[in-house]
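First the structure, then my questions, so here it is.
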Amino acid sequence: MPVLDEDRLFPVDGHVRGIARRLYHEVRHLPIISPHGHTDPRWFAENEAFPDPAQLFVTPDHYVFRMLHSQGIPLEALGVPRSDGGAVESDPRKIWRLFAQNYHLFRATPSQLWLDHAFENVFGVTERLSLETADSIYDQINLQLTQEEFLPRALFERFGIEALSTTESALDDLRWHKMVRASGWGGRVITTYRPDAVIDPEFEGFAENLRLFGELTGEDTSTWDGYLAAHRNRRAYFRDVGGATASDHGHPSARTEDLPPEAAAALFDKMRTGTFSPEEADAFRGQMLTEMARMSLEDGLVLQIHAGSTRNHAGDVAAQFGRDKGFDIPARTDYVHALRPLLNAVGRAQGLTVIVFTLDESSYARELAPLAGVYPALKLGPPWWFHDSYEGMMRFREMTTETAGFYNTVGFNDDTRAFCSIPARHDVARRVDCAYLAGLVATGRLDARDAPEVAYDLSYGLAKKAYRL
Amino acid sequence: MPVLDEDRLFPVDGHVRGIARRLYHEVRHLPIISPHGHTDPRWFAENEAFPDPAQLFVTPDHYVFRMLHSQGIPLEALGVPRSDGGAVESDPRKIWRLFAQNYHLFRATPSQLWLDHAFENVFGVTERLSLETADSIYDQINLQLTQEEFLPRALFERFGIEALSTTESALDDLRWHKMVRASGWGGRVITTYRPDAVIDPEFEGFAENLRLFGELTGEDTSTWDGYLAAHRNRRAYFRDVGGATASDHGHPSARTEDLPPEAAAALFDKMRTGTFSPEEADAFRGQMLTEMARMSLEDGLVLQIHAGSTRNHAGDVAAQFGRDKGFDIPARTDYVHALRPLLNAVGRAQGLTVIVFTLDESSYARELAPLAGVYPALKLGPPWWFHDSYEGMMRFREMTTETAGFYNTVGFNDDTRAFCSIPARHDVARRVDCAYLAGLVATGRLDARDAPEVAYDLSYGLAKKAYRL
Amino acid sequence: MPVLDEDRLFPVDGHVRGIARRLYHEVRHLPIISPHGHTDPRWFAENEAFPDPAQLFVTPDHYVFRMLHSQGIPLEALGVPRSDGGAVESDPRKIWRLFAQNYHLFRATPSQLWLDHAFENVFGVTERLSLETADSIYDQINLQLTQEEFLPRALFERFGIEALSTTESALDDLRWHKMVRASGWGGRVITTYRPDAVIDPEFEGFAENLRLFGELTGEDTSTWDGYLAAHRNRRAYFRDVGGATASDHGHPSARTEDLPPEAAAALFDKMRTGTFSPEEADAFRGQMLTEMARMSLEDGLVLQIHAGSTRNHAGDVAAQFGRDKGFDIPARTDYVHALRPLLNAVGRAQGLTVIVFTLDESSYARELAPLAGVYPALKLGPPWWFHDSYEGMMRFREMTTETAGFYNTVGFNDDTRAFCSIPARHDVARRVDCAYLAGLVATGRLDARDAPEVAYDLSYGLAKKAYRL
């Protein structure tokens, strides 16, 4: 019995499964467009071997260590580095065994699908992971990691990646991207402009970030106009040097504002001098989304909004381990009122693409599909984070398609730090979309003659077009 | 390959599909009860031919033009009239071609089902609409429009409509309804009392509307008592002259109030003189829902509440094109606290029917089914607007039936301006309900012997009873 | 045609149904763990016959009388006792007939499944309930009620109950639990510590309750320290005398607080003296959840939070009939911000179990699964109240499993006052879980070899472990 079911995620009815299989057959080997994610460009710049199975699959993957932690396993035991210098487990085999021993926790989760897929398809593992098989699988993977064909660039090619976007802070010097380009290697690895550190006044070190932002761009970031000019400058740098076609913004809410210039300048002054209320900080972030949208009209970068995560829910984890340690929790998020200022300003402009993501599925049918189904500039990003799963994707399609159609969505994002999961994630998305389309065909809601084109668009065409890749 | 699948919307499993088919066979030809909608009574009064395919299917249908606009097509190019007198496309064939060329945008949307159904069943079209077939289908439809059997009354009869409610402002003179009645034609076209223009102090021209309301009713609408008397008077007019059995209220929220008479009178005074805050306007609308419910106890009109739409989201569209142009977006809506004053006042009264509609599906299982499952006066309206679709109807049943049962729901509303879509919409509703019931039977949740009665009630009986038709 | 379908609630596809059947076959006869509910311990203490069918099935079951009332049947006609002494129907046969005549209202509701199951499996009824069969079924049940094998203890044993928790107020003397223990009967009936009456300052008679609380515990409940000591004392009493392994808290919101001791003491003083705002009362309830969690760390009681019900929505019903009369309506509930103080205080502590229940399904995937999927102390309670149903359970699994897995959930609670429904409810839960698991297996999301273990855990193992039974 192989670990992966060849027909996984397909409808159970034989007839509908047949439709899904045929659709999937046409798209399964299409190149991968990965227009948003968090892989490390250094991998492709240096092309060095990944260190060991634990560091490849456990320690950096918040999906994995959060689930293990939820059952009482300390983050330290999983080798998650402490930002305060505290000791953590450093023996990768020990970490791997602990992971393997608790692999049952991942039953029916997307992590299990991704991991099993990577074990089997990338490393040729044919046994199920468990305490019994932990060591042999560790050895099997570990041995391969140093081989030429398992180096980052070789995997990139083997995965069939046509374009891969990473995400860098506006303060990043893009050295790894430059190194990739200078290397002569043909893989298309591009950056994304992520200016949270210089837009969110509540970001750690905001004042210092602003100073550095001025230094990097040669603009006077102590004035509103200079600050905007710095963004323009840096966006151009990201586009020209890093190949960026998009910016990305991770805000606690989807709030936007469209203040008159003087009011915006006055608000910026409060941010700059650190004399602001939480409400004013929120307003400023909202103003900057609209400013970014206006710059997008000039320079063509696609604007992505990832809103609605309550970051660092556990204060002690944030203090000891830093950001992105599994304690970011979605919260209810309004889009109708929040996006109105931005949409009233530029939502009907030609040539602008704003892609909005949500962690609040209750907004799919109620707010986001109706908005994307009428504003020319607005498109719906794919199911994000906790919703990047079979059920999450099905709910997304079922709750958005009838109002927004397919052509106001933008294909799939893997949004991952886990490089080896990229083929797995795209495979899951393609399977689920084909399963969904097969259901539509079988119930007379989609013409069988149109389904292959839609499958192609969802798997490949829409991402390429929406992200201008 | 015909455009419509004979088994569309039925379950895919052969056994369950068989159950659905048999249930549907019993209800598919039942007369249509259309107790709420927005067709134009003038059509039935004058019985003139519809002008052309574009004006029949594209220009007045906000489902259609909003989707086309979402992909960058200007509303002007679709012939949507500008309220500011700006020029718009006037060649119906050009509009039709643009529509046909972009017909793929409607894949898997309810609009496609409705349009295909009308093309095929009303006009005998057997090809799929596309740029290639645009002209021939245009000609085929256009030719028929002038024929006797395609005039509004003939279609009304051919559609098997037993009763059709339109919706008129409280200030309407009901001339078309009078003309229908005077004509001797047997079709039952009745009105609905929609007093938003004289209840919502934020409605355009509210002060003038109040004055006119006084003039029409001979009551002194500058006093609270006179204002209430004017409503009583006008409700009687709508009932006696227009055959109304219901009133309808489109409010931004479901808020209700039950103020002491003096407080209500004082609040009315603020509305009348235009010296109110938004909060006070909202309170007044809420007070009026309870007043309307009290009048319903007297005169037997069914009270409909359509709450939760954020109207005119795009300010420039509202300014250039006016209301109802696709930019009305649902928002989160509370019912538990909002309806409490009204329900505490009259929710357990005998003889009252309050039908509540929502655009916020998260309230189905959490709020609306529990409320309708205990308050005798409260019933659940069918899935509304963006949720009037296969998935929307399935979610409605799945999220309300277990708590509210079938008998606290009221059958189907087509709620449409698109006359030719009426049979299509009722057909979709009947199919989906039969599909849902078949699933219940197949999983032992509904006795097979009870299912036909329930199918009949959902398709016909409940609407007739709830709306007193 | 039997009333109950042998394959009820299983997937319709033959192959998947086969998987579900095989899984169910392994768990259907497992003992029942009922770790949370509202049966009356007096039944097991006195072991007297249940009075009549109406008092067994209609009058005390709010699911039943609320649905009947929603169609206009007065609560009085169903024998629901008036707390104001007003007259109510006292003829059980009349009540039964009214119930039977309206049994169609329960089509496709969980109540119908539970009732039919109890009629058939407990009392051997083989006809469907209707007006025609009302009398014969009444007689059949009534006759058996006085027989030895239908007394509470005999039914308890026949139902295969391994442990049954009731819920008592902190002010209860636990006399019935003592009597059960003293009787020598082997059935395990334990209590749960429910201190709402002495924690919620808005509870009827709070000041008097506090006084009594001091008297019962010998602590000075006029001081914060004495009040806390009284809780410690009473928790020990419930644990030692009533076998409690858990406490339970029914709050309007999930709000928690973690105030410094002086601030908490000052807040308590306001509660004690009745000089508080609603906001302060809410803060105090929130503070007490964190205090209870801290005591749980000491004494090992599991902490249950049942939040989000708007109690006594209809004021007149509350006045005439008292609490729990079907007019408790869920409302939107936030967990992310609400639980943060408690989780930051003790959410990562070893040895603590906090089980959270919700009536707001929109929080499953968005808030609760992400929280339970990372905080070691937090577990998800099963679908509660209106969501204790086929669709409710399916949605729970579909919306929580991918993020929280199975092992951050705690099995099933029947949470019932209706003793005869206990086997029915656990049977429904086991069937739905097996149906869900079968779907996972058939779509390659769960290894067929793991499914039986998961089915066992969901049906039995998790409840036993989570509740320390």
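We just call them A, B and C in the order they show up, numbering each chain from 1.
Operating definition for what follows: a contact is a pair of C-beta atoms (placed from the backbone, for glycine too) under 8 Å apart; a residue touches a chain by one contact, two chains touch by 3 or more.
Every value quoted in this text rests on a predicted model; they were computed, and no experiment measured them.
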Q) Does the subunit A and subunit B pair touch with the same residues on each side or with different residues, judged by whether over half of the numbers are shared? A) different
Q: Tell me the angle, as a multiple of 5 degrees, of the rotation that maps subunit A onto subunit C over the C-alpha atoms.
A: 120
Q.
Using mean CA coordinates as chain centres, what's the gap between subunit A and subunit B in Å?
A. 40
Q) Which residue numbers or ranges of subunit B touch two or more of the other chains? A) 13, 332, 362
Q. Any idea which subunit B residues touch subunit A in the complex?
A. 1, 3-5, 7-10, 12-13, 66-67, 69-72, 104-110, 112-113, 128, 310, 313-317, 326-327, 329-332, 359-362, 386-387, 389-392
Q. Contact residues on subunit B for subunit C in the complex?
A. 11, 13, 15-16, 332, 334, 336-337, 340, 343-344, 347-348, 350, 362, 365-367, 369-376, 378, 398-399, 401-408, 439-440, 442-450, 454
